[in-house]
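Chain lettering (A, B, C and D) follows the sequence in which the chains are written, and residue indices restart at 1 in each chain.
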Amino acid sequence: MTGNTFGTLFRVTSFGESHGKAIGCIIDGCPSNLALSEADLQKELDRRRPGQSGVTTARKESDRVEILSGVFEGKTLGTPIALLIRNEDARSKDYDALKEVFRPGHADYAYLQKFGLVDHRGGGRSSGRETAARVAAGAVAKKLLALQGIRVIAFTRAVAGIEAQATDLAAIEANPVRCPDPAAAKRMEEAILAAKAAGDSLGGIVEIQVKGCPAGLGEPVFGKLDAELAKALMSLPAVKGVEVGAGFAATRLKGSENNDSYTASEDDQPVPATNRAGGVLGGISSGEEIIARIAVKPPSSIALPQKTVDHAGRETEIAIQGRHDPCLCPRVVPVAEAMAALVLVDALMMQKARQW
Amino acid sequence: MTGNTFGTLFRVTSFGESHGKAIGCIIDGCPSNLALSEADLQKELDRRRPGQSGVTTARKESDRVEILSGVFEGKTLGTPIALLIRNEDARSKDYDALKEVFRPGHADYAYLQKFGLVDHRGGGRSSGRETAARVAAGAVAKKLLALQGIRVIAFTRAVAGIEAQATDLAAIEANPVRCPDPAAAKRMEEAILAAKAAGDSLGGIVEIQVKGCPAGLGEPVFGKLDAELAKALMSLPAVKGVEVGAGFAATRLKGSENNDSYTASEDDQPVPATNRAGGVLGGISSGEEIIARIAVKPPSSIALPQKTVDHAGRETEIAIQGRHDPCLCPRVVPVAEAMAALVLVDALMMQKARQW
Amino acid sequence: MTGNTFGTLFRVTSFGESHGKAIGCIIDGCPSNLALSEADLQKELDRRRPGQSGVTTARKESDRVEILSGVFEGKTLGTPIALLIRNEDARSKDYDALKEVFRPGHADYAYLQKFGLVDHRGGGRSSGRETAARVAAGAVAKKLLALQGIRVIAFTRAVAGIEAQATDLAAIEANPVRCPDPAAAKRMEEAILAAKAAGDSLGGIVEIQVKGCPAGLGEPVFGKLDAELAKALMSLPAVKGVEVGAGFAATRLKGSENNDSYTASEDDQPVPATNRAGGVLGGISSGEEIIARIAVKPPSSIALPQKTVDHAGRETEIAIQGRHDPCLCPRVVPVAEAMAALVLVDALMMQKARQW
Amino acid sequence: MTGNTFGTLFRVTSFGESHGKAIGCIIDGCPSNLALSEADLQKELDRRRPGQSGVTTARKESDRVEILSGVFEGKTLGTPIALLIRNEDARSKDYDALKEVFRPGHADYAYLQKFGLVDHRGGGRSSGRETAARVAAGAVAKKLLALQGIRVIAFTRAVAGIEAQATDLAAIEANPVRCPDPAAAKRMEEAILAAKAAGDSLGGIVEIQVKGCPAGLGEPVFGKLDAELAKALMSLPAVKGVEVGAGFAATRLKGSENNDSYTASEDDQPVPATNRAGGVLGGISSGEEIIARIAVKPPSSIALPQKTVDHAGRETEIAIQGRHDPCLCPRVVPVAEAMAALVLVDALMMQKARQW
């Protein structure tokens, strides 16, 4: 329960309030001799950046990342990699009116109860802005995984009940919703724009797939691979649920329907006929594709008027103006990939540690 | 990702294979001067014990727990509390036929890939039997929470799609399914018995409620309360999904529908009109009831024949005889409570640590 | 600062009061497929056991260790290894007279202040008896290290100012003091027996040597190899100081005297002409022999009368009867080896984790 | 063994190479509502800064610290506090000649073996420069401790065998050696200047005293207060030994001489007549003054010629020019205070966490 540090061997420690001077993180435990540049990180940050399209917030942040340490002549040193992203487009004044009001769905009240004070500007530490640090760290994890043939891909599976029927991975980055089904993507986009126009917001489901993951990763009984993924993904702002493989649908199946029966491969290995387990058995990767899905709630910041209460206990009404995402899924996609990558690198390092 | 240790301040380290000499755990970090007896633990263990009713396995384990250390003259010393449960009814021979066969849905293959060898008897470490240690540790956590007015309750919300409509907490322990809706409980029981008779098994949903939890618990941004709950619950055998509050249903709501608007209480505090957040905002408890649900898959051990492969790569068919649970939910209930209690005690201790 | 758990990847969690039911530990993270039997552990425990010779306590404990889990058909499973040692010769009545008196040099007062209650019998958790669990865990670590060509050796370097001049490792186990200089050993033994006869006790210095350690172990800047060794060794009962290489003597040398200059080996590697660094540079093993020494205070339990105070604040005098070690060094030797072995295994696993 | 993170509840994660862009750290877990400004940190950093006097290096670093997050309107938010110190006076060219040579006493060789590459400029991560981040973090810890009446003081006890006889705490900051005995300070200063003139360097002993520490801190059996202090202090560059209370001198005392006998205070508490235990009993603070001493080796960078070997295995001779400390003690003083403060804050938080 170490608040702002994630991971056991590949450890990311994050910092920064939304409207403070900067956000960033320190990565400790990264193997040495990995080729790493700011461009490697920027590429992923640009996928999370605000202002990419009409379905994301219009807030402008270039989110330029600076590597402060741990890299020398283009290679990681094995020492801590500190990453810094200065905040730029912080219209803190936008938040003055909200300073003394508890925004429904937001963490204002909980933060105030926990800490006794709160940086109200843009949500402070509870802002989704902190996820930029996760994405930067995840970019390093992804490079390490790629060297071992492991690839993490996420996409928008559903928005407001509209589900992708096809899974064409090549289509994902070709539409603003990051949906692998172009037809569904179109309908999702329209729904998001309609909600935005109405001053409202939409939720959705993001799916994560891990390809090329070897069997054997995960640390039962508490550090199971799916348990660590669940923590990693549930720690994202707005995520209210996580499922692996058949997930909640498995609760309506019989054992005879849900079990993945085996056939033999040419080299005499067991091959599951289906993948309802989602690539994890007993908390350990089985060698099959790992599949997880997360429930992303509709953003809490909406322009429609909402009943609320101020710090003095007076009932009031607010309409949150400003620039907010009408649906978080498109920007959650790279963040979910980052968190899954962090878990996998850590699990891989744990497994390597025990090869005697 | 510390495999068999759970928690940061209230730490539980678990051990034991299903058919080895014993299972148990060490609890480290428990406050001193807590009244504690073996009876306190036994009471909870008896709720998890096999052989309670027709809807659970017929395996007989008295699961007698022995406190080896950390308690002196009826009080905790503040030193590690070691708990020991000897294994008794281990019919290891039942498993000889399965020794060289990968059971569909089970962890045999993944364990073998991870460790290079496996204790095949009864699932070894991957057996649900290890959860007895969680329950014993959770009983200590529950006693600590009770002293602070916090209560953790779980129950079967659904079995095979049959959902409890009422939530009468008093009804839970009065039926073998541990369902808070007596009418639904009856239908669930019938469904389970029918599946059992057919050599098959059923899945379901267990809901966890935490009452009396103060606002302010949880350690953002990675150790959010819901993230820790997700890890804790997903680490249970057979759990394939976790959701908090509205969970996956929130993905089909608009922001204006999903946000919990506030009214003012008599003492000028904000009171949410609804609880779609499930008692957690920004990863911190809000003071509302905490609500989580977990997806429990149908047990993998079924009597119906299944296609599979043996260690030599030969395709074969198995029908798992022996004594197995036709539906896990009734026995998962006390285990889920234990895990939630462990998370809450830890979160409470984290918060106390910072009071200056 | 996790009280009763030691290590990051090879984790030992210890439990047990001196006069409770049992002591023991759980080892989590041990690689699988290591040949391991109770005899492997017993061999080391017998070196720590009380009653070995005239210079140790006469308390009789057979210290039989039982492996409860984690080993199957003679091999480690990769799952937690639980070790149990039942307490036998607990003459708890001996301690009744001391129940309400603070014994000088002992931890009674500090424990009472920390926990509000204390198991007074034989020192409870603060007894040196807990080190048996360390030795058992260390025996597993030593087996792992041996497979990588690493050997940990400790011996009594000095007793009451009498210093070993020779370092004949073969001589260590041949005398009851475990001193590598037979002549000095004789004088040490006489000094210890004289102190014992006088109702007093003696301190001494134990030296630890690690042979065959590869360069590259240790985790700067906080987890330096010497820092972890210092913690490990200072956590032993009665240890009041730790030094590495030239240690405190280096404070009286000039840089030109203390630096280990290099010559080239036949295969062009730098070879230090001396080893004042003690095998650690910048907190990382250099490939040279690792050398550490610990200051072991004279045991606090002495028969001579001492002024003290009881729980009610009354001044009184006590003379601690019973069976106590007149000098701890001979029995600290295997314990110090165990702690050094635990550090090294952990450091080795950390290093393996990062090989990409 | 988490390399660059220190602490369990008050966690400091450090980064930065000596001649990279910056050094700094993130403090996670700091209680909220603590008044904190950059000036609070700067005051301590100025005590560690190079170029303070003739007995320290002439390197000029203003070491200006910037708070990037975690503080809002002068108060800590309870969120991570990121601290940044940009590197300025990095004459990296000075090190070009040393790029391919292993400097005796330095970590070059060990780092190269561990990581396969190394930032040779100014020692990279192994430079004492990283301790600035420790001092900044320690300044926060000291503020927290002060609010609880705990004060950490360090000073130079000895240089090259010249020992302080008096302990006048008011004298410490009045002389460049930071020695509490003005007469000894004068002799130490002369010795240091003479060594410097001769192109050589001197070692010494720094003593740490903790005043006002309540009884009850420390987490046996592995996280004992003295064990954590030993790790914290041994992790400092150039430290080769740590002792508590009588330390190594206790090995030459008898039990009857070393035990601290008790008398009763006016309020019936046991008061030790002496403090050979150094304020720690059984690894727990006893309420007495905590006393520790560390052995600081003479700096390895000396102008005198030394035999060594280059990366190609050729024997050569180097004379390290540039600006180096002739004795580290004066600058180690604030760093040792910082590390002790970090340990104490963590131990205090651990203890608070368990008050039920």
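Heads up, the rule we're going with is that a residue touches a chain if its C-beta (ideal position, glycine included) is under 8 Å from a C-beta of that chain, and two chains touch if they have at least 3 such contacts.
This one's a predicted model, so the numbers in the text were calculated from it and none came from an experiment.
Comparing each option in B-D, B-C or C-D with A-D by residue number, the pair that reproduces over half of the contacts is B-C.
Note on interfaces A-C and A-B: more C-beta pairs are in contact across A-B. Taking each chain's centre as the average of its CA atoms, chain A and chain C sit 46 Å apart. The geometric centre of chain B is 39 Å away from that of chain C, both derived from CA atoms.
Centre-to-centre, using mean CA coordinates, chain A is 26 Å away from chain B. Contacts with at least two other chains are made by residues 2-5, 8-9, 14, 29, 32-33, 78-79, 114, 125, 220, 350 of chain B. Considering their complex, residues 2-5, 11, 13-17, 20-24, 26, 28-29, 32-33, 66-70, 72, 75, 77-82, 84, 114-119, 124-125 of chain D touch chain A.
The touching residues of chain B, when paired with chain A in their complex, are 1-9, 14, 102, 104-107, 109-111, 113-114, 125-126, 130, 158, 160-161, 195, 200-205, 214-224, 226-235, 237, 240-248, 250-265, 267-273, 277-278, 280-287, 295-302, 304, 306-309, 312-315, 346-347, 350-351.
Those residues of chain B that touch chain D in the shared complex are 8-9, 29-34, 78-79, 144, 147-148, 220, 349-350, 352-356.
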